[in-house]
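Chain IDs A, B, C and D follow the sequence of writing; residue 1 opens each chain.
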Amino acid sequence: MEKLLNRLIKENEYLVQYGKVADYIPALKNANPNEIGICIMDVEGNLYSGGDYNKKFTIQSISKVLSLMLAVMDKGEEGVFKKVDMEPTDESFNSLYKLDLPYGEKPSNPMINSGAIVTTSLIDGRGEEKFNRFLEIVRKITQDDNIIYNKEVYISEKETGDKNRAIAHILKNKKLIEEDIEDILDAYFKQCSIEVDCIDLAKIGIFFANGCKIPNTGEALCDEEIGTLVTAIMTTCGMYDFSGEYAAKVGIPSKSGVSGGILGIVPGRFGIGVYGPALDKHGNSIVGYGILKGLSKELGLSIFKSNTEGRFSCVI
Amino acid sequence: MEKLLNRLIKENEYLVQYGKVADYIPALKNANPNEIGICIMDVEGNLYSGGDYNKKFTIQSISKVLSLMLAVMDKGEEGVFKKVDMEPTDESFNSLYKLDLPYGEKPSNPMINSGAIVTTSLIDGRGEEKFNRFLEIVRKITQDDNIIYNKEVYISEKETGDKNRAIAHILKNKKLIEEDIEDILDAYFKQCSIEVDCIDLAKIGIFFANGCKIPNTGEALCDEEIGTLVTAIMTTCGMYDFSGEYAAKVGIPSKSGVSGGILGIVPGRFGIGVYGPALDKHGNSIVGYGILKGLSKELGLSIFKSNTEGRFSCVI
Amino acid sequence: MEKLLNRLIKENEYLVQYGKVADYIPALKNANPNEIGICIMDVEGNLYSGGDYNKKFTIQSISKVLSLMLAVMDKGEEGVFKKVDMEPTDESFNSLYKLDLPYGEKPSNPMINSGAIVTTSLIDGRGEEKFNRFLEIVRKITQDDNIIYNKEVYISEKETGDKNRAIAHILKNKKLIEEDIEDILDAYFKQCSIEVDCIDLAKIGIFFANGCKIPNTGEALCDEEIGTLVTAIMTTCGMYDFSGEYAAKVGIPSKSGVSGGILGIVPGRFGIGVYGPALDKHGNSIVGYGILKGLSKELGLSIFKSNTEGRFSCVI
Amino acid sequence: MEKLLNRLIKENEYLVQYGKVADYIPALKNANPNEIGICIMDVEGNLYSGGDYNKKFTIQSISKVLSLMLAVMDKGEEGVFKKVDMEPTDESFNSLYKLDLPYGEKPSNPMINSGAIVTTSLIDGRGEEKFNRFLEIVRKITQDDNIIYNKEVYISEKETGDKNRAIAHILKNKKLIEEDIEDILDAYFKQCSIEVDCIDLAKIGIFFANGCKIPNTGEALCDEEIGTLVTAIMTTCGMYDFSGEYAAKVGIPSKSGVSGGILGIVPGRFGIGVYGPALDKHGNSIVGYGILKGLSKELGLSIFKSNTEGRFSCVI
């Protein structure tokens, strides 16, 4: 398995030249596009990794998966989805124009910024509590109490966050968020600045792939159905306006972040974390996409595949 | 199993009152909203059915699944997707405005009218040949040479087809279709007018769920990968602008039609056909949605589910 | 003349029933829709008035005319129009979605909120100075040092100003405004809260109709060309998304405000102020529109009229 | 006067290099960008001209002014404006997307293609009669029975007319046009192909500037109010999505065509025809704009100008 992972890294690293590291804040701009890593965890808790799998990076938009989960845990499915839809959109991730159209009632889905600001606002707790609850769940899932957020990145996000502030004011105007805007954005910017590596992402992935149970301990953090919901929404909306093509070509429910991470879930089987900071025009890791496409093909991981030759007996 | 199917029909038939039969052409308007049917086929070719499973209705937009398949068979993935995208959209099914925006280059996906007019144009053959090829493949998949199209519906579609004509002229203007517009639309209107029942849909479903092989004969009509592609695009785009919520709540790759049919695919396991002509506001069968949601829950069919308790050993 | 004005009020007051007083802040909601006034001033400084012509109301969007003038005085035409366009738009006045589209570079024109926030930001002075400069020019034009702003309205605007804050953050994100957002919005909310009556509006109108000179004193406050520019932009953009029909039916360059005022300019001849707080669906005074349409017809005031029978010898 | 006209041509001919001749049909592509002409007619019927004022070109979109007039003559203001709005738009001239939005009810105005197809459909007569009526009015206004349409241009327009066909099908779908689409488009393409020179445009201009009366004969072809209406709509909508800036910079109600003509109206004073086939990015004659801006400034023709120093006494 690890041989396969290293081969996939080798085969796809040429893609770096076609991508571009995010540059809107200094901390992201300085990422090394040649650092590429992958880690896979199975339901038994076995880890397989390759490349720079333990390079730390900020989780960015992948955090949207967890704020959705927490919002549903805290406010219930109905409580969340009366304020955010779950439809894929051709808007870009930080778009707000749909909200401003005459028939724009709520954010399209929780995987774009406007939707994620809503889900963050729905996590229980005020001010600092909201983020503490978020951090605690990440630590629990990864079984790692050393997980922290990157203060420099957080401050940069906060300073350049005018687009997100505009979104928040529109949401407030539409009564989709209620608390103080700067408090919500603070929690949002902090959760985006949490530092993880590929192992952490693989652990988050296997948590969802395993019915919201932590593999090693078997501890269930929430209802399995929340995991199914999150996995479905990642599939239709997780890779920005490339989600459709990604589903067709890869078929692994995934969520990407602007720092170059991709979280992958193979229901019942694997959690996957990939890292490669050069991004394609949609904002997804360009090497990460290549690696996951290869991995899916080699191991037959697409959830859309009929797997007629012995799907369910498969052991790798 | 058939007990379950009949129970699900009973439990969901109250939904009829919240739906509305399509009324843009007389043939559809006269459908009886209380006729509800379902049929399931497994990979061994066993059939389970309930209600009005042998009521005939026109296939309508479900035909888009097959014109996508045929276009890819005839022109290759690249040949098709340079003319149509595969991204879900918040446009409605017969929308064209995105094509007219400065950055609107091609139809969002093959499950909306504009995309399907492109895929139909890419099926080999000119004039009558195109549709004959389409009809032949439906007959092969369903192993039923009596499948025909409904002339009355075809003529009605043709007469009221101004929106589709507008779309076709835009496509022509953008050089995304090349042949005579009325020829392409003729094939398109005819394929939409093919009459099927729930059994036929279940057979189409199992064909895809079984790696593009006909269960009884084992005959492969095309590469398994085309089936995976079609299944993925159905998941992200198949239920109009309700595809995201449908994926989250049902999790069965599906395509609906305005006459009230829904085609479902459970990869490696089942093909499903459901009928119920009362539609919700998105244009999907309102009872069909209810039944499929129930079915998915009872049998654990969502492709996003981790199925931790014995997924792959499941027998029903 | 005054007989004519009172007749026009009488003839149009029935329209009140089809309109609706603005209700987003308490101070506006409490306006009496039956209070209707009009005042006209000619280039000699003669005043003609009718109805509740001396009822005070907040100037609201009519202030956009003056912030445009001041911005051009302070930064020059080029300095202003590199940051705001001068095209009419089908957007509504507080829209921002165009700014968020991929090709949305600057506000469409200075008569919608986004454009006016830009022009206010371009008035010389920081913090309080900006508004003081604005207030001073109003006092000069109206020759009335008692003109003040309504604190209660200002505070209400500030408290409910989330949509304008969203706009300001988008503008900041696009580097179209540079100063502190709350400072700019403060000046903006204050200038909207300045209290005027129909006489004051007529004086502002005649100032522009008279080549930017104060009639009684002959003092020129700025170049005549700025007046021509402001008058043209009022014509194409001044009555929200009703500007085109208003031009065709009335033909008097005008700007309306949400409190029910309309400022009218007949170049070289008259300044007009009308008041009637019941608004039509576009946000224009419904009675004001009726009165101005009647006035234009009776006196042949449309700037689009050929006035073949003795236009230029005009006596009224 | 003619010295002035020739000077303005000289001063502005350098602009040719920044423009581009329309190239979507051969007949337009072959125009010589260095041919520049102007003609002005006053209410007494005096003609002043310069440059290539008698070069013939197809009238193109300037015909929209006359189809609007004829539609209002034949169906009344109400009959026309229940099917087309009179609001300026930020859409481009051949856009249709607004019509396809959920709240898109009718074309924004009669100066864009969709609106003009509606007004042409409202001219009395079926098939050939519609166009004959159009041609007859042009001949009457210009007092020239030799005016004809260019068959080659007409056929080219017809052959490349897919965008207009798309628009017509949308209009049909919305029941905004009722007759046979090809019949309406035929009349539309023919009227666009009528050949005129600057003198003809000046005659059309003075007709409107003179209360819809032919200067030499004094014959009134329709009510003066129709002229006021047309003039107003030209001002807010006549120069495509540059109408706002054009109003501010030139202030002469104008309509441009893709072949390089501009029709100008100075109410009560002048009719103007300008020709220069190189277009700016908005589709307006780039030299024509320059000349008209200069002319307006030199003679103080802007309808928004207060003309404090002796406006109405002016003789030239």
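Assume a residue touches a chain if its C-beta (ideal position, glycine included) is under 8 Å from a C-beta of that chain, and two chains touch if they have at least 3 such contacts.
Predicted, not measured: the structure shown is a model, and the values here were computed from it.
Set against one another, C-D and A-D show the most C-beta pairs in contact at C-D.
With centres defined by CA atoms alone, the chain at the far end from chain D is A.
The centroid of the Cα atoms in chain C and the matching centroid in chain D are 31 Å apart.
With centres taken as mean Cα positions, chain C sits 48 Å from chain A. Separating the CA-averaged centres of chain A and chain D is a span of 55 Å. Touching two or more other chains at once are residues 98 of chain D. Chain contact summary for the complex, chain B toward chain D: residues 95-98, 100-101, 162-163, 165-170, 172-173. Against chain D, the residues of chain A that register as touching in their complex are 102-103.
On the chain D side of its complex with chain C, the touching residues are 43, 85-91, 98, 108-109, 208-211, 213, 224, 227-229, 231-233, 235-237, 241-245, 247-248, 251, 253, 267-268, 302-308, 311-313.
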